[in-house]
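The same subunit A turns up in both complexes below, where it pairs with subunit B and then with subunit C.
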Partner chain A sequence: MGFAAFAEGIGMIASGTTFFWLIGGVLLGIIIGALPGLGPSLGMAILLPLTAPMEAGDAIILLVSIYSGAMYGGAISAILLNAPGTAAAAATTFEGYPMSRKGDALHALAISATASATAGFMTIIVIILLMPVLVDIVLAFGSPEYFLIAFLGLAMITVIAKGSILKGLTAGMFGLMITTVGTSPMAVQPRYAYTDYFDFTLTQGIDFVAVLIGLFAIAEMFNLAGEKGGISRTGTVISGSVIPGVKTVFKYPVNLVKSAFIGLGVGAIPGAGSTVSTFVAYGESLRSSKNPEEFGQGSERGLIAAESSNNGTIGGSLVPTLSFGIPGSAATAVLLGGLIMHGLNPGPLLFSDELATTYSLYLALFIGNILILTVGLLFITRMSFITRVNAIYIIPMIIVFAVIGAYAIRGGQQVWLDVVTVLALGIIGYYMKKYDYSIIAFVLGVVLGSIAEENLDRSLQLSEGSWMIFFHPIDQPLSFGLVIVIILLLFGPFVKSAINKYRGNGD
Partner chain B sequence: MNLSTLKERVTAEHALLLFFLVVSLFFLIESRHLSDRAAAFPQFTAAATLVGTLLLLFRSYLPWPLTVFVQEQEGVFEDTVDDEMLEEIEEKAEQEAREAVEEEHEDEEGDTDDETDDQSAEVEVRYVSVMGYEIHGALFTVMATVGFIVLGYLVGLLWAAPVFVAGYLYALERPKRDIVILAVLSFMVAFSFLAIIGLDIDGGMLFDPQLFTVLGTDLPMGWLP
Partner chain C sequence: MVRTNRRTFLKTGVVATAGATMMAGCLGDDDDLTVTVPFGEGGGTDTFAREVIGAADEFYDGSISFENEPGEGGLVGTQEVYNSEPDGSRVVVFNPPSTPTSWLVQEPGFDISEMTGVSIMGFFGYMIYTNSDYEVEDMDDLVDRFEDGEFSQIAGQGQGTMVDVVSRVLRDDVGLPWETYIAYDGGGDVTEAVMGDEVSVGIGTDTGAEAGVADGRLDPVVGLVSDGSGVFPDMATFDEQGYGEPGDPIDILSQLQVSVWAPPGTDRDDIDPLAEAIEEATETDEVQQFAEDSGNVIQYGGPDDADALLADVLETVPQVVDLDEIRADA
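For the complex of A and B:
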């Protein structure tokens, strides 16, 4: 079945229109990623409604290609202007911009394209080879495990929430709470939906895509509007050369492979994402370097580590997204919205009946990396003009895109509800960002709400109300293991903090 | 505590938390009308949001054991990175960037454009002057977006889009040529939604000419209203 599905996946990619969407997606993604303040999640969120009339396979491949292209594109402005196009490219600025200052911008861009594409190739090949094993693991999961995986995703808030964990947990719980608006999936009873406000009817709930557009696109535009500058106009001259840049990447094979797989591993942890993985890989590269003093001065090793982990994350973050419907990053949360919108529900079906589609996604990423390498090495020098675009011009255009996109999400009486949702979530998201309430935690809550609720209810129905279905070490070893991991994640940081405080007092 | 001290202490974060509080209370109270099975999950999430919000609202008055939950924490992954070394590198990189900015600033002394000169690493707040009042850029954008949505509801988003873009850029004193180009571009963006997916955005509550809706009838999303 595996090989036949793989062959079918190749057939899907090779069909005329799909290949066109793949190329278009990668190129569009590179442009979106290069614009500081945009990034893959925002770009995908804006374009999501436009994919509605497309074939499901084409739409998902377009979104995945945008994601892949944008993750690479973020490095362009990070290297040229010290302004990371994506959060994941923040570590790239540490070494990329100093290289540009030294007149090695082209060298840095060549390293970035080569490291990104090579890491992408390696990690995707590994995932495709491991797919049969992955299929068995995914199919071993039942309702209790799905509930616990969703809960694990929520527990990840303690990892991803920067600053106060309580702020992250509150944001996540608020996200979960708003998913209860609509109709109860088990009791088939309307919840908070009994009133019609100005033609709005809430029985279908608040749309996930509208929430994403509001939180990512609109909130970011409000944020940019409050800051002067936004997108730099610095006219950095691109210098350096391409071929030595390519060779440099292969001068440090261990650094390249290690960073790529750090990206894959951390990216596969729900909610962790590429921002975490790039910093972990960069830190590890620094720790293991014989010349740590070179870091921050334009170190090639540091740049390779940041860029290879960045692209390695993409394949990893798709694993929990496709397997359990738990996004590994903000961009995969939007991708998840796309999957659901096109009737492809994450879970065992994507690894059995829809295995060909899953293979086609990874193959699209593989081909996308060839495109990244080609475009990165041959054409990127001509793209620096994009990053000189003033934010003032971008803001109203993105708002127009986002509002009309929201209007297009659902038909009937829902159109203005989705527009109002986008505006309301934009304002809430703006203030959450301003006061360090994790947006990703909020999105995790919104994404995991229905998965958690349905599987919790189903599990308790199966066990006739007994909670031991989650804890029994012999009958439910997988569930038991997950419970242990969740407890460690939830209470680990608090215990660590208390121990540190105790030690501090002791000193 | 006098009124002015209270005003200084109350920030937009308190408003955000108050919003969480009111919404979670509403969800909690309204769940009484639901069956047990349908109410369990909303009650749990609303109660958790409520507790979190209350802890955050009164964080300054919490006893020591509870402050552990609200103080700034380190993430799980932070131990894997040598923090001091990373901070040092970040500082170095920032210093370099600042020096670069200063050099470029000196190089571009002849350029008097405010935004071109604004190269500093620190973020400067943007204010927009509307009828003699200085408004924060974010607030102005929120108001303009609300205006765009209301206008779209009344006359259709197709016509509201160029008006919004032109008005926004005019308020930010952009050159007339740029305003016209962007307004036309926004109309084209809106029109593409109508032409490609047959979205009914050419009319609203007050004005519904049905000029273009016919285009959408045979299109993939012609089912939209």
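For the complex of A and C:
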């Protein structure tokens, strides 16, 4: 039955206009993803009603292809302009943009396309093979584990933040504080929302996509305004070709595979999503690197980690969405809406009677990755010329995109809040960078704050206030394992250094 | 250290910002209908609205576009439409008694009772489900297990939401003695928590539980709407299991009526064309097929029905729910 369904899935992709929608979806997704603030969820939501007259299979494949393309597209503006098109591409800026500054934009774009597509191929194959097991793994994670994953991400600050650890922690705490603005996640209590003055404007909190756009794109435009020439620094030569970029990805196979599967694993956990997975993968890549000092300066390893985990997340996020109708992110929520709208209800039927449709979805992702690789290597790499354009032209363009992106994020009462956030965080980000406060630590705080708070609160509610819900080795083995990992991460370097010192003395 | 050239930045940045602001301002300037969904993209209400009102586009003279403005149980988007011009260019979709109850609890600075009804499009209902490992047979069995202490917690959507209110009515009026309400972000999170046995009992929509039941990880225990469930037609309802009568508070509160509302003072001439287009849409094969596939019930009601529904809900909810207690707990 499985093979027959697989063959039918191939038939569905190859028949009629479906293939056309797949190609169109990926290309459209790349454009949507590359525009800061638009992102896959908004892009898909705008197109959702337009799919109503389409065949169900075509519509779903179009939406999945947009999702896949947009997740890759976010990296393009992140690398070329330090403006992450999607929140998930924030980690890409840390290494991709410094490479552009050094004149290696073409190399970075080639790495991005290759790492994204390769991670996509690997994770989709594994998902197709292991789908039933993955569902059980997803269900094994609950509120305590989500809290500990968020805490693990916050603990990464000690690994990722460079220079003064105090400055790193200060930046992280500042990020966490920003997430406390708005209605508290577990109670109907507005915090720092000043509803008497601003009505509902602040009750929804500060949008972290607006924070990222300001922090990266606007802050960098401040920086560029003080320089002559383009993004690639004056005096650097734009060099490189596509092939070395492709080869580079395979020079670090462990890094590639590990990051792809971190993306798959974290992406499959509802609520965590691609933003968390890219930071966890990036942090792990830095932690395990023999040359951590290269990170932040245009590290190939760091870029591969961010990009491969980003694409690995896509397949993972579809597991709970298709199995139980549990969307792990805004983008998969829209996709879920599309599935239901077209009569495809998530659940076991998608893995029995509708197995061919499910295969066709994953095959669409697989083919989409071929397209991403082709377009990414042949066409997107040519966009590296942008880094040569004089900043005087780049700055207004990016500010226009950033402001339009801010308008597009939430609309309504939050329009001005998001615009102000983008501009204010631009200024804050500029001075943070100037005075060596870790931007990464700040972003980790913003991204993980509400996830950590909500799940900590709920975990303690579940355990009636007992902290053993995080430590019990028999009742909560997964939590216990995560606590061990966090302890090793935080104290491992000190223990290792003490052991080495002891051994040194022994000799 | 690189010094920022203020003049360059101001020259290019300010002009660009002004241009973008003007452009964005112009984007919203048109005479067509904008439908605000005050909940997230892809959720139950969003999908319902996009499907039915999307189908009404064919019968409506003008184009229809959608926007999502989630937050505060639907109050953010509703207030946005409340404050807009009553010229027929904007409507909002919410589900009495859900958003009106959030309004009663949170007491924001606008009067939802002044909204003008356009139409009711259909409904979906709440139910109780349990993790299938416990093999809960029916409501009697569930109540016994709560009384015996085997269960003490119940999962549902966030504090102060409609599910929170329904859970209190279940405890206080129907006799389900839960002790702790565990709140989750969305319906999907609740089903996931019950399937993973983080909490063994949950309240949610029948459509949300469908996949978990089909997979054998959830057991449907009781339907909370006396009209029954489109998704689980064989599931016995609360009144059939001897826990009340049709028309009881639990019956009224558990049935979410997906409906369309215009700003206060909108003229009937501006409402009727949309109401008629929605009525025609509910009769199309496309919408009927959606109802069959999704388990949602499509049932049209006109502007007067919508107005009557809102008035009824705003009168009934304070009588059956202790709003002060909810505010205090939150």
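Heads up, the rule we're going with is that the second predicted complex is superposed on the first by the 270 of 507 C-alpha atoms of A that agree within 3 Å, B and C clash if a C-alpha of one lies under 4 Å from a C-alpha of the other, contacts with A are read in each partner's own complex, and residues count from 1 in each chain.
Quick note on the criterion: contacts are C-beta pairs under 8 Å (C-beta built on N, C-alpha and C of every residue); 3 or more make two chains touch, one makes a residue touch a chain.
Here the structure is a predicted model, which is why all the values come from computation and not from measurement.
Number of subunit A residues touched is higher for B, counting subunit B against subunit C. Applying the stated contact rule after C-alpha superposition, one finds that A:Glu55 touches neither subunit B nor subunit C. In the superposed pair of complexes, A:Ile427 makes contact with subunit B only, with no contact to subunit C. In the superposition on chain A, A:Lys167 contacts subunit B only, with no contact to subunit C. Of the two partner chains, subunit C is the only one touched by A:Val334; subunit B is not.
When the two complexes are overlaid on their common chain A, residue A:Glu8 makes contact with neither subunit B nor subunit C.
Applying the stated contact rule after C-alpha superposition, one finds that A:Phe279 touches subunit B and leaves subunit C untouched. Contact with subunit C, but none with subunit B, is seen for A:Pro346 once the two complexes are overlaid on the shared chain. In the superposition on chain A, A:Ala140 contacts subunit C only, with no contact to subunit B. Applying the stated contact rule after C-alpha superposition, one finds that A:Leu176 touches subunit B and leaves subunit C untouched. Contacts of subunit A with subunit B, set against its contacts with subunit C after fitting on chain A, overlap at residues 52, 186-187, 189, 221-223, 225-227, 392, 395-397, 399-400, 403-404, 407, 411-412, 415, 419, 423, 430, 434.
Residues of subunit B touching subunit A in their complex: 11-13, 15-16, 19-20, 23-24, 27, 30-31, 34-35, 37-38, 41-42, 45-46, 48-49, 52-53, 55-56, 68-77, 80-82, 85-86, 88-90, 92-93, 96-97, 100-101, 104, 115-116, 118-119, 123-126, 136-142, 144-146, 148-149, 152-153, 157, 161, 164-165, 168-169, 172, 174, 178, 182, 185-186, 189-190, 193, 196-197, 199, 201, 219-221, 223-225.
Against subunit C, in their complex, subunit A makes its touches with residues 41-42, 44-45, 48-49, 52, 139-143, 183, 185-189, 195, 199-200, 203-204, 221-223, 225-227, 270-271, 320, 323-327, 330, 332-338, 340-341, 343-349, 391-392, 395-397, 399-400, 403-404, 407, 410-413, 415, 419, 423, 430, 434, 454, 458, 461-462, 464.
Against subunit B, the residues of subunit A that register as touching in their complex are 50, 52-53, 82, 93-94, 97-98, 101, 158-167, 169-170, 173-174, 176-177, 180, 184, 186-187, 189, 191-192, 218, 221-223, 225-229, 232-234, 266, 272, 276, 279-280, 282-284, 286-287, 292, 295-297, 390, 392-393, 395-397, 399-401, 403-405, 407-408, 411-412, 415-416, 419-420, 423, 426-428, 430-432, 434-435, 437, 449, 452-453, 456-457, 489, 492-494, 496-498, 501. The touching residues of subunit C, when paired with subunit A in their complex, are 1-6, 8-9, 12-13, 15-17, 19-21, 23-24, 27, 36, 40-43, 46-47, 50-51, 54-55, 57, 66-72, 75-77, 79-80, 105-106, 108-109, 153, 158-160, 180, 182-185, 188-189, 191-193, 195-196, 198-199, 207-208, 210-212, 214-217, 286, 289-290, 293-294, 330.
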